[in-house]
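The two complexes that follow have subunit A in common; it is paired with subunit B in the first and with subunit C in the second.
Let's turn to the complex of A and B:
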């Protein structure tokens, strides 16, 4: 356990510079989004009311009040979220391959540590998961701050205040990232964790059997998908809406846990018996 | 004792090892010799469970390798096993964090012996100094067995001499060492057991001292006989 914690800490440290850069980009870009969108709206309002002498009611009728939805639709707001997602997806592959390729033979050291090799695997998965949670936490912290900036900049008559819940609910992509309930949070991030574990297992197949491993890995990934969605397939094609939504949810929870546990078992087997440096 | 029993290994269609058997005792230096591609590194990787074997058995003190074994056997490959962005000091700290068998006193002694600076980055080291750091990280562990893959490969004569000096010092004393090397001249006088490999099999295994005393031949003489036949 102790070595697992040390490994997680080590893995976090290895990506920290890039991670801090991602955090910086997200903060700057999203704050810029609030400022740019608010400024643009205010410029329009200024033009309409002070130059074109439009009444405030007419302006609101024509252009509507500004809300945080205008900010979340901005590329400066969505862009850094997309950048973080893509970077972490790439990093999920890179976290393994960088230890094998080039002049780097760090994989020798990792595999020769006096700890279960599964700890190396779980430490990498945990690091990815913690990075994701960290970015989600950052977004949760940023939302009230961004709303506050919007409220400073745009007069109350011209804006439509939203609660944090409404801000998330009105923006689907934020809803996936920031679920409304603990149960949804567990589902979204549970599926995410399962996906990372399955991806790591596919990487293990490739690292053990190289070219043949790519095919085995793809096969394994397909099998994992089939097992996970088995209750849905049964519901759709065999039993025709036989299950209540709660039952379907419970069945998918079971298949999800099966896929995760099966993938960890398979990875452990590959790491201890089949891995090649 | 490290026991390698009838191991075979195939990479794709290429049979690299065809039933290799030998033992390496504690307190002895065993040298694996053979041309490139003969399977020397594969044997070391297999002993450390870094590559799976197709058949055969490898035992360390009578047991299969497991996570605890890495506290009593270590492998020093021909490339550095630390991250390029780490300093020597950070690498030593990493080892101390993970290995109970890490001997800080010996590590400091080796640092002085090799004239290395803890603040130097791995990526900025010369080939010779990289080999020395690799050796330091392996030798500073209180392990019973050391595996070394081509420790003299591609490094200058002074570094080679310094590394060879390690073998006559207390740093290696009482440990079982398996070494693969082409640069046999540097350590010929130190080797106890020689395993000559060719085409995936052991073509000759002998005690260097016995062959010197009984037949008046050096290791190089026997190598010539075997490989130039």
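Let's turn to the complex of A and C:
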């Protein structure tokens, strides 16, 4: 346990510089989004009211009040989220390959540590997972702050205030990131964790059998997908509508756990028996 | 401990922020307004079984909700599990699924695909060969019969018999009936007649041989060429207001045949007028057709909305008012004529109505902040207003800002 904790902390440290940069970019870009969108709306309003002598009511009727939806639709808002997702996806591969292709084959030392090799594996998976959750937490903190800035900038007559919940619900990509309830949150990120574990298993295959391993890995990934979605395939193509929704949910919970446990077992097997340095 | 600061910081940060976020969202009261029925006149018992499916939108933000005597329930207020388990199912289907859990597996969720009496629960649904995709004439019925007493189940699929001279390109099952222990199915068939080279709409009765698991042609109730001349066409339909319910035993089915004339105004617009129509009833046991002679008081534009025992209810929109006429088939007399004027309903608002039993429920289809949404329940025979009320918002703060409330349907529990 102690070894595992140490290893997680170590993995966090190795990515910390890039991670802090991601946090910085997100904060700056999203705050900029609020300011830019508010400014352009206010310019519009100024132009309409002071130059074209439009009454405030007519302006609102034509252009609508400004709400946080205008901000979430801006590229400066969604851009950094996309950047974080892509970076973490790439890092999910890189977290392994850097140890093989670094200056000195660091994996050699990692795997020689006097601890179960699975700890190295789980530490890497946990690190990725924590990075994701950390960024989600950052977004939760940023939303009220960004709303405050919007409220400072745009006068109350011209804006339409949203609650944090409404800000999320009106923007479906945020809705996937922060679903309605903690149960859905556990399901979304549980599936995410499973996907990371399956990806790691594919990497293990590649590291063990190299070129042939790529094919094996792809085969394994396909198998994992089929197993996970098996209840849905049965429901759609074999026994039309046979399962009730609650049964389908339980079955997918079982297949999801099966895929996760099976992948960890397979990775452990490959790491201890077959891995090549 | 100091060495692990990165880990401790990141874990405590995520747990704290995400935890706090979900605690806050679960306790935060929804900002969506509550609506309620406000009784103006009449007995509040009348609205006990009434549910309105509606939606609320304000500044582009909104949600759909159900409104009944207990108050408002928004879709977003249901928990995740309630939503995936289907809270929104009709209670009728929920009852069937609860009582006959195994029989209901793999069956559609449309109540109209079921027939129920004291002894039997019958399921009939149209299917086709999914492997080859859609082919004309290639229709099958998915049939399930449950004996409620002996719990015996029979299910099979059987092809619809094909007629050499015509090609069925589409069909709908519109009636499931048990007559003297025999399963009869009425379907509306859209076909192409090879001899006359014309499109035909027909109502066909099929007899299901349960023991042999086959379907036989029994009778054609009516068959009409769709086009009479270039600007006139024919329409046939079953008069039935219970498309949303499980089918129940009946002996007579009422049909309407109409001749519709199209008058072209310009390239984009046409008007349609019923220039001739005939109603008849079909006896499911004997197969006899009997014309229903309508008195002159019922104009061609009066729509036969519903049949309830021996009474046909006609509805007609007369200058924004709902005109209802009840005609008794047995005594061949007009039973009652009612005109329901809905005060304060503007033309663009329009209204919705539903006849259930011998009552009609009328409500405007939409409202904004300034408009009223009155609800009227009127007895069809006596014309008495049994209930008069309006739908009001309980959060007056939200009233200042314009909003839209749309009624999607009027539902009545059994």
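The rule is simple: the second predicted complex is superposed on the first by the 276 of 277 C-alpha atoms of A that agree within 3 Å, B and C clash if a C-alpha of one lies under 4 Å from a C-alpha of the other, contacts with A are read in each partner's own complex, and residues count from 1 in each chain.
Rule of thumb we're sticking to: a residue touches a chain if its C-beta (ideal position, glycine included) is under 8 Å from a C-beta of that chain, and two chains touch if they have at least 3 such contacts.
Bear in mind the structure is a predicted one, so any value in this text is a computation, not a measurement.
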Check subunit A with both subunit B and subunit C modelled on it and let me know: fit or clash. fit
Can A:5 be said to touch subunit B (first), subunit C (second), both, or neither? second
First (subunit B), second (subunit C), both or neither: which does A:169 touch? second
With both complexes overlaid on chain A, does A:274 touch subunit B (first), subunit C (second), both or neither? first
Based on the superposed arrangement, let me know which partner A:241 touches: subunit B (first), subunit C (second), both, or neither? second
For A:108, select first, second, both or neither according to whether it touches subunit B, subunit C, the two together, or no partner. first
For A:74, is the partner it touches subunit B (first), subunit C (second), both, or none of the two (neither)? neither
On the superposed three-chain arrangement, identify whether subunit B or subunit C touches more subunit A residues. C
Rounded to a whole Å, what is the shortest Cα gap between subunit B and subunit C in the overlaid structures? 10
For subunit A, give the residues common to its interface with subunit B and its interface with subunit C. 6
Interfacial residue positions of subunit C with respect to subunit A in the complex: 3-4, 6-7, 10-11, 13-14, 16-18, 21-22, 24-26, 28, 31, 59-61, 76, 79-81, 84-86, 97, 101, 105-108
Within their complex, subunit A touches subunit C through residues 5-6, 8-9, 12-13, 16, 64-65, 67, 69, 130-131, 133-134, 136-137, 140-141, 160, 162-166, 169-170, 178-185, 187, 239-246, 249
In the complex, subunit B touches subunit A at residues 45, 48-52, 67-71, 74-75, 77, 79-84, 94, 97-101
What residues on subunit A touch subunit B, complex-wise? 3, 6, 10, 14, 103-106, 108-109, 111-117, 272-277
